[in-house]
Structures are given as C-alpha cells and as structure tokens.
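In the two complexes that follow, chain A is the common piece, with chain B as its partner first and chain C second.
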Partner chain A sequence: MHVPDGFLSLPASLATGVVAAAGVGLALRGARRELDERTSPLAGLVAAFVFAAQMLNFPVAAGTSGHLLGGALAAVLVGPWTATLCLTVVLAVQALLFADGGVTALGTNIVLMGLVGVWVGWGAFVAVRRVLPQRPASAAPAASVGGLLSVPAAAAVFALLFGVAGTVPVPLDVVVGAMVGVHVLIGLGEAVITGLVVSAVVAVRPDLVYGARPLLQRPAVPSERVPA
Partner chain B sequence: MERLVRRLPAQVKVAALVGFALAVVAVPRDALALHAGHAVLLAAVVLAARVPGRALARGLTVEVPFVAFALFLPFVATGPRVEVLGVSLAQAGLAGAASLLVKATLGMLAAVTLASVTRPAELLDGLRRLRIPAQLVEIGAFMLRYVEVVGDEWRRMGVARAARGFVAASPAAWPALSRSVGALFLRAYERGERVHLARLARGYAGPTGAGGVPATAAQWCAGAALPAAAALVSATGLLGGWGA
Partner chain C sequence: MSGHGTMGAPAARLGGRRGPAWWLVGLGVALLCAGVLSGFASASPDGLEWVTERLGFSAAAAEPVVAGPLAGYQVAGVTDGALSGGLAGVVGTLVVLAVGLLLARLLRRSAA
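On to the complex of A and B.
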C-alpha cells in the first residue's frame, strides 16, 4: 500500500518531503506532552505493534484478506502526535529495510499515512466523541468513524497529488473518484477492526486509551507513578 | 568487492540509495531507454555485493497493489490515444505506466540491496550520523529491538486460538482477532513501560551520541560512485535530447 519511487514528479516528491519533515518536527514536540519522558521506549513498542498489526491478515471472503493501516487506531490509543511519530518510524523502516515504499516517496508516504491518516482519523474521532454519551465505551464507535474516514482521506490526497503533480496527465475527477471509491470499501474494514480493537482495550484498561481519558469519570487506576 | 560494499558505513550507503533513487525519478516518462543505464549500474552493485536473488524476488511482490494502479492509467489518461488489440488507450498513460513500473522496480531493487548489505544496528548509527533527530532514531531502535518479541506474542496467541479450535475464514472471525490485537497492544504498551523503568533503574540519563564510525573521504567517494553515475546517465540522456 506504500507509494513507490516514480509515482510523483521529483519536485512533488521533494515538496511532500518538506511537508513531512515539518509535520514530524511538530510531532516530536507534541509527543512529549502525550507520553512525557517515557516517549522513546513506549513509542518504539507502539511502533512495533503498528508494524505487526499491519501484517496481520483479516479474512474477507473466498481466500482474500485485508490488513489494518492503523493510523486512526494508533491515534486513538496513544494520541495523534505519538501516532504520527510511530507511523513515521514504521514507514522509514519499511522503506529502508523492507523496500516497501520508495525512499524518494518516503515523504509522500509519511504525509499520507502519518499525517493525513492519523489526523483525519483523530479529528473524526474527537468530533464523534463529543456528541456521544460521555463514557469510556463511546470511544469504540468514535474510533470506528475515525478509521472509516482516515483511509479514503489518505487515498483522496494521494489521487490529488497524482492528478496535480503525477507523472501522467489524468483527469482529476476520475482518479479521485476511483481511488476514493475503492478505499471507502477498505475504510469499512478499517472501521470495523479499529472499533473492535479499541473496544477490547477500553474493556480492560480504559486508562491506557489516550482518546478515552476525557471520558473517564475519575482515574480508573490511581496514579502510582512517582516522578523519576 | 563484496567486502568493500558491506564495509562502507551505513550513512554512506543510505545517502547513495537516496541519490540513486532521486536520479532515477528525475528522468521524464518518455525517456524510458535511459533507465537501461541505471539498471546496468545497479546490476553491477547487486553482483558486487552478492545480494541473494531470493531477497530481490521477495521485494517484487511488495509492488503488486501499485501495478494495479499503473495498469489503470492507460485507460484514463488524457491526450492522444492509440488502438491496442481493439482497445483505445492513451499514449501518455501507456508511457507513464511503463515509466512508473520501471522507476518503482529500480528503486525497490536498490532498497533491497541496501537492506541486504546493512545490519539494522548499523543503519540506526548511519541515520544518527545523517543528523536524523535522535528521538526518532531511538524510537526506531526500540521498534527494531522489540518487533520480533511483539511478532512472537502474536504467533503464541495464534497457537492458543488454534488450540481452542478457532479458524479464521470469514469476517465472522474479526471480533476474536480484534480482541487479540487489543491484547497485543496492551502487552506492547506495558512492555514499553517496563523497558522505561528498567532503563531508569540502570541509571539512564538521556540519549547517547551517534555510535558507529565516521566515514572517511575515500568512503564517501566510493559511495558517491553509484548515484553520480546514475545522475550522469540521466543528465546526458536529457541534454542529448533523448527524452525531450
């Protein structure tokens, strides 16, 4: 699912690289608020989790299967800044050690999955969370909507980039329509799985779900952590 | 030759990969022939470094979803059209699809080459020396160190599910699989907390400087050979009006 080398023109690849670098720079500051000094080990383990989760197959039908993209899920579980960092690291490792996604397209992939996927998912989650009853169980349906929108949003941005700065002249409406159409279906799967995973975590440790913390009446587990 | 390539510091190899990929991507879509030169250069490095054929073949399977996207282009691209077997296809779309696939394949093979001559720990040192923010590299280090552990946990959960007679064959299996993914997250997160506490207990006081070794001028020159030659191929072809 990662954009390889050569899909966008050289200037466009460099431009998305600059946008990605700026976004990651902001995320490095923001993540400190979400995870304090535990950032590196926790974000590293969450990145390992995202990496593993992207390789798990969910059977669809007739032997076909899909997998999670995980942007919205990571945003709800650990907060959007940390999620951006985790997705960035996962994408960089995939490009450099697994040849998945081109190195010149790394900026594009970070923009699509680490920025658009995470922040559209998070934005939709926050919007839905606001209108649902204020209890931890509401996090699951809200995360589901986040997953549903994050996938076609990333696909739409890719199609727009390709239409504007791709290497082939294409009618914008056709490509955007086709990409969004296909990815709405993928987004439905993402929505179901994201919601189910969040509901499973909320049932056990609601205090660990970043997006569910405002929904807790009081801290479910009193903080035992002594400042180091 | 093999030792020379493998012994180059990782920062040189990463820079060489990025430079080569940029040179490949810079070629316009109608100058497909130029990529033959890139392919020869890359093949020389692949042979010199003795990259296993299995790794190259496995890399090709990663591309499959984007092959579908490329095949869709000749049908929708604008501009003059040609008849192929009675189907009207856009010339720009055909040239574009071919160009995309060749560039993507060259980039992928170059990345496989880097991965097969660089150990993950060396790669992390190389990234630190390329001034990638320390925190980002540290997250990558923790990820690479624990990705096997997290993967093993997932396999153990799969064994446990199978032992209880669970078969994943349709979306009906999603709730059970999703609960396992939730459990996997909890285990990964809690392990992250334990790792942090263990690190503090050992007297951790902030990230350390870059490890690895600095590259010598000679090593930078050796590493620059591939991207420089690739850029030369792109530039001579373009200046000669080959693809204009």
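On to the complex of A and C.
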C-alpha cells in the first residue's frame, strides 16, 4: 500500500506530513514508557521482520496481491507507540533506499501504515483481548482481529485522501469501494500472519509480548521475580 | 557494570532463560524471508496498484523524487534477479535492524 510520489496534491502531502510528524513526535515520547532493556532489542527485530515480511507478496485474487503491513503485529509485540516508530523506520528506509513509496509521500505512508494501521490494529486487539479468557493463548486471536481490521482501515483512509486531494479526479465512493473491497481480502492474509507470529512468540517468550503481559499469571515461584 | 548484581540476575536481565537465542532465531527468520522467500513472492500488483490501474489513475504516480540505490529491490550490477533481490532484501533488513536498535537504545537511555 505504498503511495508513490505524485498521487496526492502538494498541500495534501504537506498536511499528511504534518500529521505524521506530530504522531511520530508523540510516539517518541510514548515509546520511552514501553522500552526497557529487554524490549528494545525486540523493537529492532520487529522493525526488521516487518520490513522483510513486506517483501512477501501473497496472491489474494486474480491478478492482485497483498503483503503484511505489520502495524497490528508490531503493536501487540512491542506496544503501539514503539510500533509507530518501527513502521516509520521501515517506511523511511523503503522510501530512501528502495524507492518503494515516494519520499514526498512518506508522511502519507506513515499516516496510513504507522498511525492508522498500528492504532486501529491495537485498538481492536485491546477490545477483543478484554472479552477473551484471560490467558496468554488469547493474544494471538485478538491480534488476528487487529490485523484483519487494520488493513481495510488504512485502505479507507487512503481512499478518502485520494478522493478529496488526489491528482486525478475519481469519484470518492468508487475509490473507497474498490480500495476497501480488495483490502478486506488482504486483511485476511494479515490476520493469518499476525496470529501465527504472535502465537509463536507467545509460545516461546510470553513475557516479551507487550500485549500479552496483562494475560500472564503472577509467577508461581517468588524467586523468579526480577526485581523492578 | 550494571547487570552484574545478584547471582542469576544477568541472564534474566539480558533476556532470560534462553539468553539471546530467541533474538537470533528471529533475525534468522527475517533474513530468510527477505533473502530467500522474497524470490517466491507474488509479482502481481498489490492492492493499491491494482485499484489505481483499474480506476485509471496509475499514471498519477510521478517518477520517484529520490531514485533509491536499491530501487525495485534490486542491486545494480547483479544480473541474477533472485540473487539481486535477495541481496537487496538482506541489506534492507540489516539497515532497518540497525536503525531500529539505535533508536530504541537512544530512547531508553533518555528515559532513564
């Protein structure tokens, strides 16, 4: 879903750039509360994994493909503020080194994938986590729902932006319908990958999964507690 | 000098029972995805590209303002497409990893 240079008008690109900068600024503050000496190595790894996974396009229907956006996955693994920063690093490297997503569209892409994708995914995850049994195994299905909803949400925001401020006139309802339609299918792939990765990490190191921590039981053996 | 406190604490603080093994496995999976599996990825247009082609506004895309050195996920001069793509993926993964680790470290330090 990487928006290239030239899709949105210059004022619209400036506006999304301002929104992205504000969001990243907030994330730089918020991530300090999420990062500690155990989670910061994971944050770098999550950014690298999201970059790698975004290269793996899977077919979704005749003649089209999708790839993981990774916002919901990153939010569940390292927390939503840190996830916004992870996606920002991925998108900046893609724009500057790979010409994947325009440099003038970097703000737009951060808004779509680093803010909308991350926070819709995180919000849905938290809502589903609340209603599922309070055990670590509930993290993966909740993360799947987050992934599922995050993709059409980001697609809808792009469609609204393009319908209002695109450089080619296209009826708003047409572009919204087309974008959301195909991205519901891609969201299914996002849901599968997000659920599989979260369940794998929860199986090995549930304590490292930011979104699973409220689901962990208190340590049975007091000596296992790490002093704060 | 921190991390050398009570017995058993360093291992727990550096990542717990299995040390950094989980981290190396994770990095291995990422490099495998970017370096090898990417060669088997679908070449079809992604959702956004498909919509822009179908609705006839794909021409709105301008030439990239910054022509990245690894544009198209290929390394210039490496003629084998899969090898070139795999190399570009590995380089990108390591660059993202380095920037991400550095940023996380800076933020953690400034929070203390």
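Just so it is clear, the second predicted complex is superposed on the first by the 198 of 228 C-alpha atoms of A that agree within 3 Å, B and C clash if a C-alpha of one lies under 4 Å from a C-alpha of the other, contacts with A are read in each partner's own complex, and residues count from 1 in each chain.
The rule we apply is simple: a contact is a pair of C-beta atoms (placed from the backbone, for glycine too) under 8 Å apart; a residue touches a chain by one contact, two chains touch by 3 or more.
Here the structure is a predicted model, which means the values were calculated and not measured.
S.K.: Does the superposition put A:L96 against chain B (first), chain C (second), both, or neither?
M.R.: In the superposition, A:L96 touches chain B and chain C alike.
S.K.: Quick one: is A:T104 in contact with chain B, with chain C, with both, or with neither? Answer first, second, both or neither.
M.R.: both
S.K.: When the two structures are overlaid on chain A, which partner does A:G6 contact: first (chain B), second (chain C), both, or neither?
M.R.: Touch status of A:G6: both partners.
S.K.: First (chain B), second (chain C), both or neither: which does A:L196 touch?
M.R.: First partner only, chain B.
S.K.: Once chain A of both complexes is superposed, is A:P41 in touch with chain B (first), chain C (second), both, or neither?
M.R.: both
S.K.: By the touch definition at the top of the document, which applies to A:V60: first (chain B), second (chain C), both, or neither?
M.R.: Both partners, chain B and chain C.
S.K.: Taking the two structures together, which residues of chain A meet both chain B and chain C?
M.R.: Residues 1-7, 28, 37-49, 51-53, 55-60, 85-86, 89-90, 93, 95-100, 102-104, 166-168, 170, 174-175, 178, 204-205, 208 of chain A touch both chain B and chain C.
S.K.: Please give the residue numbers of chain C that touch chain A in the complex, ascending.
M.R.: Against chain A, chain C makes touches at 9, 12-16, 18, 20, 22-23, 26-27, 29-31, 33-34, 37-38, 41-48, 50-52, 54-57, 59-73, 88-89, 91-101, 103-105, 107-108, 110-111.
S.K.: Can you list the chain B residues touching chain A in their complex?
M.R.: Residues 14, 17-18, 21-22, 24-26, 28-29, 59, 62-63, 65-66, 72-73, 76-79, 92-93, 95-97, 99-100, 102-104, 106-112, 114-115, 120, 123, 133, 135-136, 138-147, 149-151, 154, 168-171, 173-175, 177-179, 181-186, 188-189, 191-193, 195-196, 199-200, 207.
S.K.: Within their complex, state which residues of chain A touch chain B.
M.R.: The contact residues of chain A facing chain B are 1-7, 9-10, 13, 24-25, 28, 37-49, 51-53, 55-61, 68, 77-78, 85-86, 88-90, 92-93, 95-100, 102-105, 166-171, 174-175, 178, 192-193, 196-201, 204-205, 208, 228.
S.K.: Give the list of chain A residues in touch with chain C in this complex.
M.R.: 1-7, 28, 31-33, 35-53, 55-60, 63-67, 82, 85-86, 89-90, 93-100, 102-104, 155, 158, 162, 166-168, 170, 174-175, 178-179, 182-183, 185-186, 204-205, 207-208, 226-227
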